[in-house]
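What follows is chain A paired twice: with chain B in the first complex and chain C in the second.
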Partner chain A sequence: MVETRVSQHLVPPEPPPEASQPGALVWLRKNLFYSRGSTILTVLVGAVILLFLRGAVGFLLDQGRQWEVIPRNSANYSIGSYPRENIARTWVSLGVVAFIAGLATAAWRPIGRVSPGQISAAVRSAGIAALVLAVLAPSTFGGRTEFLIAGAVLFVIGQAALMALGDRAIDAFLPTLVVLGAGLVAFLVVLWILPISSSTQIPWTIVIAAAVVAFGVGRALIQPLGAPTVKRSVVALALFALPVLYLHVQRAPEIPWDRVVDWSAWIIPIVVIGYAAVIFVSGAEREAAAIVNGLLVVASIVVWFVSAPMAARFLLLMLTAVSLATPTFGSGEKGRRTVIAVWTGVVLVLMYLFAIGVGTPTLETNNNYFAGINLTFMLAIVPMLLAFPLGILMALGRTSTMPLFRLMSTGYIEVIRGVPLITVLFFFRFGVLNFLPPGLQPDAILLAIIGITLFAAAYLAENIRGGLQSIPKGQYEAAKAMGMTTAQMTMLITLPQALRAVIPAIVGQIITLFKDTSLVSIIGLAEFLRVANNIVPGQPDSLGTKLENLVFAAVVYWVFTFTFSRASLRLERRLGVGVR
Partner chain B sequence: MTTERVTAPQTKPPLWRNETFLKWSAQIGVFVGIVALFWVLGTQAATNLDAQGREFSFRFLSDPAPQISEGIFTLPENGLESFATGIVNMLRVTFSGIIAASFLGVIVGVSRLSSNWLLSKSATVFVEIIRNIPLLVLIIFFALLCSLFFPELSNEASGPVWLIFTRNGVSLPWLFPTDTFWQWGAFLALGVVAAVLMFRRRDRLREQTGQNTHAPRYAMGAFLVVAAVGWFAHPIAGALGWIWQLLESIVSTVPVLAWQLLFAAVAVFLAVRWIRGFLDSLRSPAGLAKLTDDDYFRIGLAGVIGVGAALVFLFIPAITETIADVTAFVFGFFDQKFEFLRTGSPMRFARPEIIKPANFASIGPQGMTMTPAFFGLWVGVTLFTAANIGEIVRGGVLAVPKGQTEAGLAMGLRRSQLLRLIVLPQALRIILPPIGNQYLNLAKNTSLGIAVAFPEVVATMTTLANQSGQYLPVLLMWMGFYLTVSLLLSSLVNYYNRKLKLVER
Partner chain C sequence: MTSNGKKEPIIVCDGVKKWFGDFQALRGVSTEVGEGEVVVIIGPSGSGKSTWIRCINRLEVHQEGRIIVDGIELSSDVRNIEKIRSEVGMVFQQFNLFPHLTVLQNVTLAQTWVRKRTKAEAEKKALDLLERVGIREQAAKFPGQLSGGQQQRVALARSLAMDPRIMLFDEPTSALDPEMIKEVLDSMKELARSGMTMMVVTHEMGFAREVADRVVFFDQGQIIEEGTPEHFFTDPQHDRTKLFLSQIL
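For the complex of A and B:
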C-alpha cells in the first residue's frame, strides 16, 4: 500500500494505463527496464542476488550439513530437560493455551479478508522459489528432482488459479476465519502424512481439536452472555491460566500444608481486617476512607520491615490496592458487593498461588523445569505483565505535578534506559545475592524475570507517558469540572484513553522483549537460543552442528516475530488509532 | 430546607485536608520508604560481606587482572587497564559500526523507495529478515561463520596482501598512529579551529555579497593546509609536553586538602549561583513573584545537593584523591606523547602480510586483523542498525510533502538531483532524532559482544567481578560508563538537531 504510493511519487508520472490486459513483458518493462539506468541497476542487483543466493543455498544444502539434528532434538527445543515421563503435563498446558486461543478467536472474530488472488500469487511465488532453489542447489544435493517437480506443480496450480479467477482475482474475498481453518486442516494433513512418531501426532491433533471445540463453545456462549462478558472472561481465564500452568501443572508442586498453617496466624486477621476495611471504605465519607487507606498504606510498608511471611506481606499490599481503588470503583450498594467479591477473589487466588509457588516440585529432573521455547515465552510474557503496573506508576509519576515523585520516576527511567539489558541481567544473576539474607537463594529464572521486569517497566513507562501526553487538555478539564478526584480522573478518564492510544507501541515493545529474551542465554538459562547454541551442539552425537542449530533458531525467532508484527499492524488498523 | 446562606468562617483547613501537606507527606513518605529499602539492602550486603571476610571496595582496579584476547592492553597490569581496554574495544566497534550502519542504512532506505521493483523488494526482504531476528543470534552467527567457515590460510601463500578473509579473521591494510601522532593531533585540532573560522568568514562574505562563496570548500582547504603543515612541523608541537608536565606537577604537589576545599567551595558556589539565577528569573519589575511549593522544593533541593556535595568532598577524601590521581595520570599520559623536536612520520601505512614462522603460514603482525569476535559483533550490530536506519530514512522521505517532489520535477530536476537537493535535506530534519536513538542503541548493543567473547566493557568487567566478587562496584562502573556515553551521544545529536531545526517566527 505504502510502497506503491512512494514509487509513484518519486518516479516521473507514468503514462495512462493501457486498455489491454498487461502482460508479463509489459510488467517487466515498466518495473525493471524502464530506462537505461534502471536496466543497469536491475542487472547489477540481479547478479548480486543470484551470487548471494547461490552461496547461501550451496552452503545450506551442502553435504556436510546435518539437518537431521533438528527434528531429533525437537523435544529439547520445546521443553529442554523437562522430565520426559511427565511430558503429558506440557501437552496439557499447550492444550489449555489452544483452548483459550480458540475462545479468543470466537470472542474477537478476526475481521478482514484474504483475496484468493493473493493466495494464488503466493502459491505461484512458492513454486518459483522451489524452482530457483533446485537450479541453484549444489551438485551433491540429492533432492533436486523432487524440488523441480514440486516447484513446477505449485507454479502451475498458482498460475491456473490466477487465470481461472481472472478479473475476480482482486475483488473476490475469503473470510480470514476460513483461511485459518484451512491452515489448521493443512497442518493436520501434513502432520499425519509425514513419518512422525504417533507420540507427537496424537497430542497435536488433540490440541487442535481443543482449539476447534473452544471456538464452538465461544460462539455458542456469545448469544446468551453477550460479547463483552465473553471477552472479559477470556482475558480473566488467560491471566489466571498463566500462573496455574507454569506453577502448578508444569511443576507439580507438593503443597506445604505445615507452612500454610503457619501463615494462617497472619493471613486470617488480614482477611478479616480486609473485609471490615473494604466494607467501611465503600460506605464511608471521603476523609474517613482516606484515614483508613492511609493506615493500610503504612501497615503494608511496615510489614516488610518486621518478620512476617511473604504471603502476608503481599496480601496486605493487595488489600491496600483494593482499598485504595474502592472510593473510585466501589462506592454504593452495588459497588460494595463488587469490592467484597474482588477481595474474596484476591485472597483465594493469592493464597493458592503462594501455596503452589513455595511448594517443592515433585518431578524428578536434573535441571530446571522450564527450558527451551517454553522458557522463552515465559520470559517474554510474565515480565511484560508484571511490568505493566510498574510502568503505569512510573508514567504517572513522571507526568505528575509532585516534584519528588517526578524526580524519582525520571531518575529510574533514565538510568535504566541508559544501561544495556545484559548488565541488569548480570547484576540480578550474580550480584543480587549479596543483598539478600544468607538463607535466601532465589531461583535463577525468578531473578531473570525480576531483572527483565524492572528493565521493561522503564521502557513501558515512556510509551505510556507518550499516551498520557497525547490526551487533549479538555479531557482533564472536563473531568475536573465533573467534580472528580485526581484518582478518579486518572483511573476513569485519562489512563484508559492513554493506554488505548499506545497499544501499538506496547505491542512493539512486546516484540522487542521477545527478541531480547535471547540475552538470558548469556547468563546461563536454558532458553531457546541456549538450547540451539550450547546444549544441542554439546551432545556427543550432534558435535559440530552449531551453525545448523543457529540457522534453525534464527528461522524460528523470525517466524514468531514476523507473525507478531503483522498481527500488530492489523491491530493498529483495527483500532484506527492514527486515523481517528 | 433552609434557604439562608451560611458564610463559612475563613479558616485554614485542618492538616488532614490541606492538599499541600498531604502531597508532601505522601512524597516524603515514599521517598523515605525507598531510602529505607536501600538502607536495609545495604546493611544486609554489609553483613554478608563481613561474614565472608570481604568489604565493598574498588580495589580490583589496582589488583592484577587476567589476560585479554585483544585490545590496547592484552596483558593488563591492573583492573584499570583492563577497564580501559574494554572501553577502547567498545568504542572501536561503536564508531566503526555507526559509520558503516549509516551508509548501509541510507542505501537501504532509499532502495526501498526505488521504482526499480527488484531493488526495492530486495531492500524490503533485507529489512524484514534482519529486524525480526534477535541481534544476539546475528552476532553469534557471523562470528561462527568467520571462525568456522571462512577459507583456511593456504600454506603456499606468502608476502603482503591487500584484503584476506581467513578463519583468524579479516585482514586489511590500515594506517597506524606512531609515537609522534599526538603531536600531529595538536595540529589537527588547530586545523579544525582554522576551518571553523574560515567557514564563518566565507559565510559572512556570502551574506554581504550574495555570491556563492564556497564556504565548505574553503573551510576544508584551511583544515587540509594546517594538517599538511603539521605533518612536517609537528616536532615543534612537542613543546606542549612541557605544559603537560607543569600541569601534572601542579596537580600532584598541591595537597589533597586544598583540592577538597576547592571542590567543596565550587559545589556551594554553583548551588548558590543556581538559586540566585532561579530567583532572578522569577523577578519582574513588580517584584519577586510568589513562590509556589514547587519553587521552594527546587530551591531546597539545589541547596541540599550543593551542601551535600560539599560535605561529601570534605569528609570523604578518597573521592578527591581519585580525581586528582586520574587527572595527574591523564596529564602524565599526554606528557609522554609530546616531546620537543621528536621527529618521525605521525602515521604508518601497513599491509597485512602472510608469514611462515615454521611449517604453517599465518597472518603476520602487520596490517589490521579483525578477529572473528570483532567481525561477528561488528557485522551484527551494523546490519541490525542499518535495517532500522533504513526504515527511519524511508519514513523521513515519505514525510516530505508530495508538493516538494512535484515542484522539483516541474523545475526539470533529474531524479538524482531531486533526491539530493530537495527530498533528502528536508527528510534529514525528520530522521535525525530517531537515528540518534539508533546510535545510542548501537552503543548499548555492543555489550552483546560478551556472547562471542569479545572483550568490551561488560566482558572485561564481568571477569573482574567474578574474580573479586565485587558486583555492586562493577555495576556502578557500568552505569557510569554507559550513562556517560549516552549523554555524550545524545548531546551531540541534540546539538545538530538544534542547528538543523527550521527557524519559525
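For the complex of A and C:
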C-alpha cells in the first residue's frame, strides 16, 4: 500500500555547515601519518628529500664555487662573440624590441592581479628557504650567520605583513602592471647600485626607458585610434621589425640602389596592375573575379620561367595571394579600402626587405654570428611565428577534399616527422646549398631558422589537425547554412575553435622547441647552452668554469619554460569561458 | 492539394531521391510550398525527415529529382550555393551555436561577412532580434552560459538576422527540457504569424494544430499523407498515419 503524503511547509535554504580550518597537526595526521604504511613512507620520502637538499645546498654553497663567473660573462651569454665594436647594433635592436614590448603591453593590458598576501607569503617562503639553506650548508660554508639573519628577517617581515593584512590579504589586489613596473625599477636599482657590469648601466637604462615611453605612447594612441587598430599596428610592426633587425644585426647591409632601379621596370607595372586588380575584384561579380584571379595565377607561375628579378616574382606571387583572398575578405566598400591598404603594405614591406636582403653585408658575418640567449630566443620565436601559418595551411591541406593539396601536405608532414631535427638542421646547413643558385649564400642562422620552421610546422600541423577533427559536424553545418563560404567558415568558425582546443599541445610543442634550439650548436651556432658549456675562449672576461655555467643554463631554461607554461595555463582558463 | 490559395510556390520538390550508400533515404518526394506557408512535417524517427529538409539548403545533396528554391534549381551546376543558403535559414536540434563567440557575435558574424553589413548595422539588427526572442540582456554572454531554451532562441535570432525568405526547423525543441519548449515555440509561432515561409520537423502537435497551414506525414522516405491540421487530427486516412498519430497523441 502506498500512503499519500503531502509536504506541509517548504523548507527554506540553510547556509552550508561551517568548514573548520584544520590545525597543522590535524592536517599532518590526515595527510601524512594516517596509517602505519603512510608513516613509513612519509619518513622515507622525507629522508630522501632531505638528503637531496643537503647535497644540492652543499654544491651550491661550496667554497670552490665561483658564481661570479656568471655576471662576468653576461655579455657572452647575451651575444656570444659578436664583435664588441659593433655591440651598439645589438643594443639598438634590444631597444626596438623593448619599444614594441612596451606598445604591446599598452595595447593588451596584462589583466590579472597579484594580491599583497601572495607577495607577503612569497617573502616568508624565501625566509624559510634561507633558513633551511643555512642549516643544511656544509661546514666549510662561511656565510652561515648572514643566511640565518637574512632568513629570519625575511620570515618575520613576511609573517608580520600577512598578519597586518589580515582578511585583506586575499581581497586586496595590485594590478600586474604595477608589479611589472616595480620589477623594472628594482632591476634598474640593482644595476646602478651593485657593481656587476658597469658598462651596461646606461644602455639598459635607455632600453627600459624605451619600453616605458612606448607604453605611454601606446596608451595615448588608444583613445584616438581605438584598441583594435593599435593592436593590429603592433603586430604589423613586430612582424616587420623582426627581419629588419635581423639584417641590421647580422649583415649591416648597404642597399644597392642601382639594382633597385633595375627592378623598377618590373615592379612599377606590377604595383599598378595590383591596384587595378584588387579594386576590380573587390567590386566584381564572382565569374569576372575568377577570370582575373586565374590570369594572375598563370602570370605568377610564368614569371618564374622568364628572366625576371626575384623581387618581381615574389611581388607577383603576393599580388595573386591578395587578389585570391579579395572576394572572400575584401568585397564591399569597406573591404575595398582594406585590400588597397593590404596591397600597399605588401609592396612596401616586400620591396624594403628585398632591398636590404640583397645588399652587400658590411659585417664580416662568417664567424661573428650573433649568439647566446639572443640567438636562442630568435631561433625559438621566429620559427614558431613562421611555422604557425605554415602549420595551419598543412593541417587544412591534410583535411581538405582536394587530393593534390592533401597529398602534398600529408607527404610533407610524414617526411618531416620521420626524421630527427638534427638531420633537418644538417640538411639545411650543408645539403641545401647544392639546390640553390650559385652566389646565393644565406647565412647559417637563416638556414637554421628555415630548418626549424619547417620542422615545427609539421608537428604543429598534426596538432591543429587534431583540433579540427574535434569540431562537431554541427558547427560546419551551421556555418554553411548561413551562407558562409568554405574560407569564411574555416577562418571564422572552425580554425579558431580548433586552435583553442589544442593550446595545451601547442604550448608543449613551443616548450620543446625552445629547448631544442640547443641542437643548433651542432651546426656551429653558438646558442645559449653552447656558450654556457664553452664560455667563448679568448674573451678577457671569461673565467671558464663549467659546472656553474651549466647549472646557470639549466636554471635559465627552466625559468623561461616554467613562466611560459604558467602563462599559458592562465590563457587557457581565460579562453575556456566559451567552451560548452 | 498544395495551392492552399497561396501565392507562387517558393520551394518545389519533384521526385527527389537520395541514397546513403545502398540505403535509400528519400524515395521520390514531390510537393510544393507556397510563399508564407507553414508546413509541419511529422513522421517516425529514421523516416528521412531531416534528410529531406537538409536537401533544401543543400547540406545534403540529392541524387535524382529536382529541387527548386526561389526559382533556382539546386544541382551541381549551381555556382553560388552560398547565395541560396543565405536566403534559407535553418535551426537545428542541437542549436549549433558557435561556442567561441558571444551571443551578440553569433548573431552578427554572418551579417557582416555574408551580408556585408557594417558592424553598427549588424549589431542593431542583432539586438532587435534578441529583443524579439526575449533574450536581449544575454547578448554579452557565451552560449555555454545559457540554458537550452535560450540557446535555441539565439539560434533562431542568428538565422533571422540574415533576413531569410525561408526558415527550416529540424526538431528545434527535441533537445529541450519540457519547461523550455514553450518559450521556443512561442517565438516560432510569432514568426509564423509574421508571414515567414516555414518548414518545421517537429513532434509538437499543439504547434502543428495552432499555426500549420499544412501537415505532412513522412515515412520510409516518402510523403504518406498531407493535408490541413484539421484533416489530420480529425480524419486521417492512411493506416500508417493513424498508427503513428495513435502512438504520439
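As a convention for this text, the second predicted complex is superposed on the first by the 467 of 580 C-alpha atoms of A that agree within 3 Å, B and C clash if a C-alpha of one lies under 4 Å from a C-alpha of the other, contacts with A are read in each partner's own complex, and residues count from 1 in each chain.
The rule we apply is simple: a residue touches a chain if its C-beta (ideal position, glycine included) is under 8 Å from a C-beta of that chain, and two chains touch if they have at least 3 such contacts.
Since the model is a prediction, treat every value here as computed from it, not as a measurement.
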Considering only the touch criterion stated at the top, classify A:Gly332 as touching first (chain B), second (chain C), both, or neither.
-> second
Once the structures are superposed on A, label A:Leu492 by its partner contacts, choosing first (chain B), second (chain C), both or neither.
-> second
First (chain B), second (chain C), both or neither touched by A:Gly23 = neither
Of the partners chain B and chain C, which touch A:Glu477 in the superposed model: first, second, both, neither?
-> second
See if chain A has more residues touched by chain B or by chain C, and give me that chain.
-> B
Could you say whether A:Phe435 touches chain B, chain C, both of them, or neither, answering first, second, both or neither?
-> first
After lining up the shared chain so the two structures overlap, which partner does A:Arg500 touch, if you call chain B first and chain C second: first, second, both or neither?
-> second
Both chain B and chain C touch chain A at residues 287
Could you pull out which chain A residues touch chain B in their complex?
-> 2-3, 6-7, 9-12, 31-32, 34, 38, 41-42, 45-46, 49, 59, 287, 290-291, 297, 301, 304-305, 401-405, 407-408, 415, 418-420, 422-423, 426-427, 430-431, 434-438, 515-516, 518-519, 521-522, 529, 533, 546-547, 550-551, 553-554, 557-558, 561-562, 565
In their shared complex, at which residues does chain A touch chain C?
-> 286-287, 331-332, 334-335, 472, 474-475, 477-485, 488, 492-493, 496-497, 500, 575, 577-580
In their shared complex, chain A is touched by residues of chain C numbered 57, 59, 79-80, 82-90, 92, 94, 96-102, 109-110, 113-114, 116, 118, 142-145, 155, 158-159, 162
What part of chain B is in contact with chain A in the complex they form?
-> 16-17, 23, 26-31, 33-34, 36-37, 40-42, 44-45, 48-49, 51, 112-120, 122, 124, 128-129, 132-138, 140-141, 144-145, 148-149, 294, 297-298, 301, 394, 397-398, 402, 405, 409, 415, 418-419, 423, 444-445, 447-448, 450-451, 458, 462, 465-466, 469, 471-472, 474-475, 478-479, 482-483, 486-487
